[in-house]
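Take a look at the following structure, please.
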Amino acid sequence: MLKIASQNPYLPYQAIIEDIKIETEDGNLKTFKLVLEREEDRDAWNHMPGQFAMLSIAGKGEIPIGIASSPTEKGYLLFTVNRAGVVTTALHKMDVGSPIGVRGPLGNGFPVDSALKGKNIVIIAGGFAFTTLRATLIYMLEHREDYGKITVIYGARTPGMLLYKKELEKWQKRDDLDVYITVDREAPGWNGLVGFVPTIAGQVKPSPENAAALICGPPIMIKFTMPPLEEVGWKDDQVYLSLENRMKCGIGICGHCNVGPVYVCKDGPVFTREQVQRLPVEF
Amino acid sequence: MSTINARIEQELKSIARELLDSKEIEAFIGYKKGSMPMTMTPFVARSIEDVEKLCWNSFCVLNLANYLPQVLRSFEPPRRPNEPPPEGPLPKVGIVVTGCWSRNIVVQIQENQIERDRIVIIGISSRGMIDKKKVYKMLNGHEVTSVEEKDNQLIVKGPDLYEEINRWDVVRDNCKTCVHPDPSIYDVLIGDLKGERQIRNRFSQVEEIEIKTPEERWNWFISEISSCIRCYACRNACPLCYCPTCFVDDSRPQWVGKSKDQVDTALFHILRAYHCAGRCTDCGSCESVCPMGIKMRILTKKLQKDVLELYNFEPGLSLDTPLPLSTYKLDDPQDFILTDIKMGDKK
Amino acid sequence: MKDFTISKSQFLDFLSEFKKEFDIYGPNETSKGFYDWVAIDQIEQFEIKQGLPKSSIKTFLFPQPEILFEFSANFKDPAAYRLKEPDFKEKKIILFGVRPCDARSISLNSMPYSEDTYFQKRLEQILVFGFLCKSVCSTCFCSWVGGSPVSMDGMDIAVFDLEDAYVLRPITKKGEELLNRAGLDEATDVEKEAFNRLVKENSNKNQSNTADILKSKDLFDLYNASFWQELSDACINCGTCTFLCPTCYCFDIQDEVLKGKGRRIRYWDSCMFPLFTLHASGHNPRGDKLKRVRNRFMHKLKYFPDRFGPISCVGCGRCIRECPVSIDIREVLRQMLET
């Protein structure tokens, strides 16, 4: 787990919003491209896929958002933000060129350099939880020889709610990657798969042999995805989940994000399902 | 244990036992002994064995009506805040009350927080509860290990300490000026009804402040709340404060800041007092639970006086009298509204 | 390091000599009628009574509120909305009359706050004159949770009460440096012997294996125990226990903007409040009262020892005295040890 370079752990790096893209048809999800202002901050920044950062808007507050860009994408950071509360609403109203603070990288990431190396990877995501998995996928594609077969199963409510549509098209055309995109119900103009993510996972039946699964999504999707995987032999220590909780400090002190003995911001947000089974259900 | 309270406790236990045994109620809200002398812990008895722990004495200071809505809710199938309650008869809960708490139950029924047919009320006419802070003050903070209560005396024991204290000397301020010690609503009565007490100056504590100049009053108020740590014990112990999101916790928009800043703290106390106007029965729980010794009861007492004078109304005496601040009558006094005619001759 | 001695009648004057360099606080009667920390100027009669001041010394280490950053909220300002740390202009502080339990809370709180620069800065500014306890109150249980009435952990100078004089023993370099330049008489051998005897008599009262027993218990056995229901029925979810506790350290961060000037502050928060774990989506993992009450005790008595070693409780007894519904942490501890 990487430590923050600045002395004061609460001080964010200054950044500027360079680009804003609306990802979904209802406008509630936007991807912000941020560039850190100072060169020494850009050089000091080093994150792993799966980590998150605190976006800080002076006058409104801070929010923890997963980093959607991979460390191999140099010079900028991408964050896909859902409009939910006070800070995210303020963020959605901001224009290109506005100042914003970034505090991080925080948390642990997916163990792409250790436990996942050499394995077959299955990425399963639902809705707008795909953000950190985009970072993970791009990282893995940049280091393609380090991993075996990579399978991606990603679903959203409607075609308009899918994130990163252009990149999804590019990935579907690759032959070193199996990509299954699905939507919950039939939609006009949609020629792809139809069905909930757990159903598609049951049809794909990814093999657990020397494999690891990275699952991100609403708790209910995770709950229903596990049975089809367990049926084909997946064990709990092969499955990685990314938990969410209310956070404030991001460094394991303020006490808001604790789930039993662990702090989601410091010991997580990535946990194996085996670790999660040993935690009280308070997330 | 005093004989009066011992008898009440016996009867209370047998009634609670019977109610739980016959399955008329699912739980009984009362008190059990706390671990420190002179403290009682609110307790929800859910079985016959639990009933043995129920107690009654003159240290039962917290308002049990505070727990009623949540305990009733806990026996319903879980539902979201805006969903209507499920159909069919729902489990009942029993509760023991004295004068002021019973009036809070009446107000809660009038405000649709609880239903009358879901509660079984055991009423006891109050003899006044004892303020343990007054006892400690009398003993100069000496360590106390046990307190025995007789009908009109307290026997206080501690290391190198044996004191007999006259009970009335340490009764709470709000009990001393209480006019309605009888429960105004009950299903079973323990003991007798005492009728209204004649008190010459109920609002003497308020009048002491009223005669001060506005500047003196402001200084008194600021020094009173200067020790506030925003723990919200006063708000949480109050049976009237049942808003799902209190105005201090709201973030969109944020009405009041959360730190100990003087302005924010003053706002919290003033607004909370006003939210209780016309509903507060002066049970004194807010002041009893405050760890920092703030006398916020005086604010609500002043509003109680104002409502009595303006609308001739005291909350909780009858289920049929509508609450004055949530009903409008054509002849409501409104000389606080300035009009062109009145401006000029209003002092 | 040498021990020093000073007569009780001269102690207040001795402390007052340091007024230029330090802000000095000690426990005394307040205008509200309870015993709490006041500035030395307001103390006429010096007396350290038995018992604890109402609030812990937490107020000096994380003030409420603490300003983390300042920023300008003026649109026309080119440097607007950029966070700046405020200048740290705090004077050094002397705290005298700190009991061993309160002093020990400093080292317990330092464990989670090891990376927090604001806490560390304030810690450097504080000099603690600890007072050893010759007797314990009925609500004290420091020896049960790893402390003792004569523990000197967290103190810079330990003070021992010897009828009409005090024996001052420096514990840290900071304390030694202050006493060396104070010009006091060195303690006699008799006085030093009395000090050592008190420490020896009381140090075997430390039953420190409570933490080990709790660490050995299975988390889910404690989590699913049946005693939490009765305990949490009475709780009214106020913040009294958390705000008066020396070792409760949760906080919240908020931005406040007024008339073109903004600041990011942190203030005490309590896990007892229902909104503590509320997500923006409306989901609240600990929306139930029982979950919150259980989480607080599990954190202090199980999760904290599992992570850092000692129990996150110093046995001061403030929560027992001040809890409006008289929930007793000793009772919880007993039930947890028996599970």
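Letters are used for the chains, namely A, B and C, taken in the order the chains are written, and counting of residues starts over at 1 for each.
The rule is short, and it goes like this: contacts are C-beta pairs under 8 Å (C-beta built on N, C-alpha and C of every residue); 3 or more make two chains touch, one makes a residue touch a chain.
Since we're looking at a predicted model, the values are computed, not measured.
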Query raised in the report: If you walk touching chains, what's the least steps from subunit A to subunit C?
Result: 1
Report task. Could you name the chain whose Cα mean is nearest to the mean of all protein Cα atoms here? Result -> C
Query - Euclidean distance of C-alpha centroids - subunit A vs subunit C, Å - result: 39
Query raised in the report: How many angstrom between the C-alpha centroids of subunit B and subunit A?
Result: 50
Query raised in the report: Taking each chain's centre as the mean position of its Cα atoms, how many Å separate subunit B from subunit C?
Result: 32
Query - Set of subunit B residues in contact with two or more other chains - result: none
**Report entry** Contacts with two or more other chains, residues of subunit C listed in rising order
**Finding:** 252, 254
Query - Residue numbers of subunit A (touch at least two other chains) - result: 85
Query raised in the report: Okay, in this complex, where on subunit A does subunit C touch?
Result: 7-12, 14, 56-62, 84-85, 88, 99, 101, 244-246, 248-249, 251-256, 258-261, 278, 280-283
**Report entry** subunit C contact footprint on subunit B (complex, rising order)
**Finding:** 34-36, 39-44, 62, 66-67, 70, 137, 141, 143, 145, 223, 227, 229-233, 235-237, 245, 249, 257-261, 288-289, 291-294
Report summary line: Counting only contacts in the complex, subunit C reaches subunit A at residues 68-69, 71, 73, 80-83, 85, 112-113, 115-118, 219-220, 223, 249-255, 257, 262, 264, 269, 271, 276-281, 285-286, 291, 295, 298-299, 302-303, 306-307
Report task. Flag every residue of subunit C that touches subunit B in the complex, lowest number first. Result -> 30-36, 49-51, 54-55, 64-65, 137-139, 230, 233-234, 236-240, 243-244, 252, 254, 256, 265, 267-268, 270, 273, 275, 289, 320-322, 324-328, 330-331
